[in-house]
Amino acid sequence: MPIATVEPSTTAQEAVGTSSRLTKILGFACLAGLAVLFLLAFVLTDPDERVDEATNIVTGQFDAVRLLYVHFPVAIVTYTAFLLNAVGSIMVLWKKSTWWDITAAASAEVGVLFCGLTLVTGSIWGRPIWNTWWEWGDVRLMTTTILFLIFVGYLAYRRTMTDSQVRAKRSAVVGLVGAINIPIVYKSVEWWENRTLHQQSTLADLAVEDLTLFAMIFGMVVFLGVYAWLLIHRFRIGWLEHQAETTGLEQAIAERRAQAPDAIRNAVTQARSSEPETGVHQ
Amino acid sequence: MPGFALRAVKQRSRCKLIGCKRLRRLWAVLLSVVWPVSLSFDYVTDSTTELAVQVRGAVVLLGRFPALAGLDLQLDTGTVTLVQGPNGAGKTTLLRLLAGLAPLESGSAQVLGHDVTKAKRQVRASVGLLSPATMLYDQLTIAENLEFWASLSRHDDVDLMAALDRVSMADFADQQVATLSTGQRRRAAIAVVAIRRPRLWLLDEPHAGLDQAGRDIVDGLIAGAIEAGATVVVASHELDRVRPLATHIATVAGGIVHSFEANSPGGVHA
Amino acid sequence: MREIWALTRKDLLIEARSKVVATQVLPFAMVILILFGLALDADRSSLRSFTPGLFWVATLFAGILAIQRSVSVETQSSAFEALRLSGAPGWKLFAGKALAVALQLLAIEFVLALGVVVLYRSNFADPVLVVTAALAATIAIASAGSLYGVLAVGMGVRDTILPMLLLPVLTPVLVAATRAFDDGLGTTAVNGWSWCGLLGLFAVVYGAIGAVAYAVVIEDA
């Protein structure tokens, strides 16, 4: 990967950045994409209004539907991020690869961020539509909440360990078991409440005409780009941290071996001075 | 029948859930045909190698600190090696590596013919590690501790009382470990390890905390281990006690073996 | 097989001598029931409808304590290292520890059930369903808990992380067990047996995961 490597510098502290041409291009593209999305979401698309032909009453989500263009892509990104974490965890356990460990951790962090966004945008969207900030019976809401908690726990767990190899292995187990749990949670909450508010306002209900559909897909692409940008930066930070840890190893080994002659000399003088006694060296 | 299947049959025919011996044997054969892989650890094959221990360039990290920094060591079967060195030299880490407990960062280590990284379970099953932590449960009696550890390592056909006798703890068999002194616990821990009849003994400061009688027991233990054809590695600061028994002396400092020389038992070394 | 039973027996023997679960965890579970009764400030009939939920929340909290105790028994004696040295395969170590926790948890649940009958005046409409559901849920909790319990110990890891790791993973067990008890205690008309089947599935899944992952996890304990 074309990133700066850390060299132990003895003079000035050089700032090492994680940006590169790739991230700069990607970043600008995402910014532009977000601007276009904003335009699409708030100006170009129509609010969701459905006229009931019999009674001529206008129903629908009206302007609230505009949140769809954020909520849906952000949810997709969340699942992608945690899926990548699960894959990374498998690779860590299988190949014992540090690269995958850093990727998994980075993906989990970004995923937690997007998961929180999903819950918040979903809640804001739900308020005008379902008349409530939170609905216990809703399957996807409960599953996403538990997913959020599981991965917050994953991140908290990673923080408790300092040894990077132990941390990689154990958090891979935690992440994987957490990820395996998700379909179980989904199914059980679904059975728990047969009705789900999500179904009441699915995409099928909305008048998904060309521009709405396009805006949704476009939004998905843009947010995936944002996710990739964040992931790359977070990965590079992790990589630099890892390099900072391991570059010292050769030196540490040399220093350790150099202890030998002095230590032996000390031990011999100690032994000589205590020879008359028969004390125990604890 | 392939070797591992034969071992599986032998092992399964010992399972006493089925009473009749012939029926047991039939069940064992049937099961082994259907499921030849034994679920438990393989029986330790007798090592045909002469070298009990072969370590090359071993680097073992404790966190980020290299406790062993490229250590080389070769020990023949049937020898007693005294590992001496200052505190913090890496003696305990070396013993743990030989026991299969410490992960290798780089380098290689073969213990009793098994690779420490690839055949961890076999290594652990054939060594006996006596460390300062007694690994006894405080709320159980000595006899219960012995029974537990014996059945866990599948040596429960051994005479437990005889093992206790050899460490002079037979009278304390029914006392809870919490009520015993350090020296008594240490002796009980020795019995726990002795029951496994390990082929490589790893003793980490075995004399620490023991009175004269206890130390004599440890010395007798080392002698008995040699008689049984095992190899012994002792890390100790009690040079005067162990030197007469040692066939080799290794000096460890700074995570490497600084010197390794043969010792004439009973003589003064350089 | 006898290694598994040796481990379980050892844990139960230690518990019989030290009585930590009996004197600390069990009263804690009862206190939860009482606190809920006080906090909810409700009359008997609404308490009865809350009973399955309260029962299982109290069980989960008590379960966490029981698991922490099960793990600390080993760390106190530096026994995890000795367990690894014994050469017994990881799945047997897991099964032995999980079984011990499950049995202790079942004892706690039994007393909680008595408490629930007395305090919340529940009645057992379908005792077979209740017992089966409790068994399956307990095995699931004990399996997941034993695995996460070992994850929560080791150098630099605090065991305060255990509830945060374990409880989100056990939410489907909570949901299913509560629903099964709803049917078994006659408070709600749901198909309790299908929930019971789900609990059995969890028990199998978590048991399998634990058996496979235990050996890996115990290496650094």
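A few notes on this one:
Labels A, B and C are assigned to the chains in the order they are written; within every chain, residues are numbered from 1.
Here is the rule we use: a contact is a pair of C-beta atoms (placed from the backbone, for glycine too) under 8 Å apart; a residue touches a chain by one contact, two chains touch by 3 or more.
Everything quoted here is computed from the prediction, not taken from an experiment.
The innermost chain, defined by the distance from its C-alpha mean to the mean of all protein C-alpha atoms, is C.
Taking each chain's centre as the mean of its C-alpha atoms, the one that lies farthest from the centre of subunit C is B. Separating the CA-averaged centres of subunit A and subunit B is a span of 45 Å.
Separation between the centroids of subunit B and subunit C, computed from CA atoms only, is 36 Å.
If you average the CA atoms of subunit A and of subunit C, the two centres end up 31 Å from each other.
Touching of two or more other chains is recorded for residues 63, 103 of subunit B. Touching of two or more other chains is recorded for residues 155, 219 of subunit C.
Counting partner chains per residue, subunit A shows two or more touched chains at residues 162-163.
Interface of subunit A with subunit B (complex): residues 162-163, 165, 245, 248-249, 252-254, 256-261, 263-264, 266-267, 271, 278, 280-282.
Across the interface of their complex, subunit C is touched by residues 93, 146, 149-150, 152-153, 156-157, 160-163, 166, 169-170, 173-174, 177-178, 180-181, 184-185, 187-189, 191-192 of subunit A. Those residues of subunit C lying in contact with subunit B across their complex are 1-3, 6-7, 9-10, 13-14, 17-18, 73, 76-79, 81-89, 92, 155, 219. Against subunit C, the residues of subunit B that register as touching in their complex are 15, 39-41, 63, 99-101, 103, 121-122, 124-125, 127, 129, 131, 133-140, 144, 147-149, 151-154, 156, 176.
Listing the residues of subunit C that touch subunit A in their complex gives 147-148, 151, 154-158, 161, 164-165, 167-169, 171-172, 175-176, 179, 194-195, 198, 202, 205, 209, 213, 216-217, 219-220.
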